Amino acid sequence: MLKAKIEAILFASGKPVSLKSLAKVLVVKADELEAAIVEIKKEKNIDDSGIQLIDHDGSLQLVTNPAFGELIGSLVKDEFAGELTRPQLETLSIICYRGPVTKPEIEQIRGVNCSLIIRNLLIRGLVEEKEDSVRLQPVYIATPDFVRHLSVHTLADLPEYEHFHADERIAKLIETATTPD
Amino acid sequence: MLKAKIEAILFASGKPVSLKSLAKVLVVKADELEAAIVEIKKEKNIDDSGIQLIDHDGSLQLVTNPAFGELIGSLVKDEFAGELTRPQLETLSIICYRGPVTKPEIEQIRGVNCSLIIRNLLIRGLVEEKEDSVRLQPVYIATPDFVRHLSVHTLADLPEYEHFHADERIAKLIETATTPD
Amino acid sequence: MSFQVALDQFAGPMQLLLELIEKEDLDITKVSLAKVTEDYLGYVNTHDVPSHELADFLVVAARLIYIKSRAILPLDPEEEEEADALAAQLKLYRQFVDATVHIDSLIRSPQTAYDRPRSFVPSSTKFRPPDNVTAETLGASFSDLVKRLEPFFALQQTSLQRVVSVQERIKQIHQVLIDRARMTFSDITKGSASRIDVVVSFLALLELMKQGLIKAVQMSAFEEIELRRID
């Protein structure tokens, strides 16, 4: 029944729901919740399901199967279409692969000041800002809407994700490369 | 695959869809469609499914399992009642001090996408939407109900209204909303 | 239906550097950086880099000129580091070009997941006032917002003070030399508002020398650079 309840809540909200609030509303322990979610993913994240589950930033959301993108796109309006500039695309890619990532880290990779580009991505709802309790400065991650647009079930499904996200050498380069004042 | 496509269409449209238009969009015959729908009902219209399919007056719609009505109801109440979050309060203050103001203008000031927040404020009856003949897009203002709730005769009685309402730097920032970079 | 990416522009100085190095079939090393310095300066000189990005291009230009100037002299370890740092940064950037390709192809693909319109939105808008909002909290919230925007207002102000472009500066210096026949580098940079401005002047000088319009003479290192008109 837990599985059905989770499904009902996600369906009714139509937006990402955090694992935390799910656990609270359903009065279940984290591991029970986890197990049910694994089951739901197994059932839904297959070619033959019209509805699938996205898992991003500690939140879950039900979406349509990306394979039917063209079919659905012809029926409903997509608010997120539009033009991206090269600098925006570059910044967005860094945030998807390295997020949560700070502004200085992004600037280290791109070699340019990124304040205005990040602001623009924030306004367009493609990335969002979070406070990071360890780094004590804002960090940036992709929004659920953008993850949905990428048609992956979670960012870890991006091509070569492990390589870019966790690579120690990249981490070190970001840290040690001198900032162009 | 037909089953999955029907499911995806019903999910994304969020309202009843007639059998006629389904058959047209999917380019299938009525009896094929019927057969697929019978299958979907068998799968979904059981106690252990969070989402169910209802069939009314020649139209189909996905809904939550009515058994979870109370659970869902408690979530709804939370979202549209109670205290405002800090981002909601900030957006509301912009609409009160700078209204009538468009969504892109609010987003320029806050530096983040505000679609969901504005929607929430609208549903709670705190702000309303008007057509603006000059800007040719909807503008937002506080509702009379909300102004009364604030115990002021007019918004101009808000603290530092003159100062904030006329702030030149904000006016300049707003200007950039009409000229995308 | 999906995003479009405008391809006809540079994403930034790193992309430009990378393309120059790859065009020459070079590895990313400090030697290569020194080699492509002229091409890089040439690009910045002849293209209309947007004013808000020009500063970033010029910072990299300054680093390249520095590396190039040191390439002919024995380096002390500290200076070696500066050259290595730029090479390392470029290698890092190179890696993320692949990440960008992945994201680009995903957003171009017709595959897209759609979410569901909010279903439990109450059908009628009913007035549901919040408990925590008064005229005072609204005022405080707006006032906090204005405070938070202060740095942004300052940033806007500076980007409005458009950096004098290299082309404009070339014209200025050339004009002055038509009138005066000779002058010093500090005459030109005296009025500079920032270091970027000095770099712009320096780039303009290099260009004027290349065009054979002026001659620069420096008696010894760190001495004043004297500029003469070639008649």
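Going by the order they are written in, the chains are A, B and C; count residues from 1 in each one.
We adopt the following convention: a residue touches a chain if its C-beta (ideal position, glycine included) is under 8 Å from a C-beta of that chain, and two chains touch if they have at least 3 such contacts.
Predicted, not measured: the structure shown is a model, and the values here were computed from it.
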Checklist entry - Between what two chains do the most C-beta pairs come into contact? => result A-C
Checklist entry - So which chain ends up closest to the centre of the protein, judged by Cα positions averaged per chain? => result A
Next on the checklist: Which chain has its C-alpha centroid farthest away from the centroid of subunit C?
Outcome noted: B
Next on the checklist: Distance between subunit B and subunit C based on Cα centroids, please, to the nearest Å.
Outcome noted: 40
Item to check | Approximate Å spacing (C-alpha centroids) for the pair subunit A, subunit B | outcome: 21
Item to check | Length of the line joining the C-alpha centres of subunit A and subunit C, rounded to whole Å | outcome: 29
Checklist entry - Which residues does subunit A have that touch at least 2 chains other than itself? => result 11-15, 62, 64-65, 72, 76, 116
Item to check | Shared interface positions of subunit C, touching two or more other chains | outcome: 114-120
Checklist entry - Along subunit A, where are the residues that touch subunit B in the complex? => result 1, 3-15, 25-26, 47-51, 62, 64-65, 68, 71-72, 74-76, 79, 116, 119-120, 122-125, 128-129, 143
Next on the checklist: Which stretch or stretches of subunit A touch subunit C in the complex?
Outcome noted: 11-15, 52, 54, 61-67, 69-70, 72-73, 76, 78, 80-87, 89-90, 92-94, 96-97, 108-113, 115-116, 145, 148-152, 158-160, 164, 170, 173-174, 176-178, 180-181
Checklist outcome for this item: Per the touch rule, the subunit C residues reaching subunit B in their complex are 114-122, 125-139, 141-146, 149, 152-153, 156
Checklist entry - Can you list the subunit C residues touching subunit A in their complex? => result 1-7, 9-15, 52-53, 55-56, 59-60, 63, 81-82, 85-86, 88-93, 95-96, 98-100, 102-104, 106-107, 109-120, 155
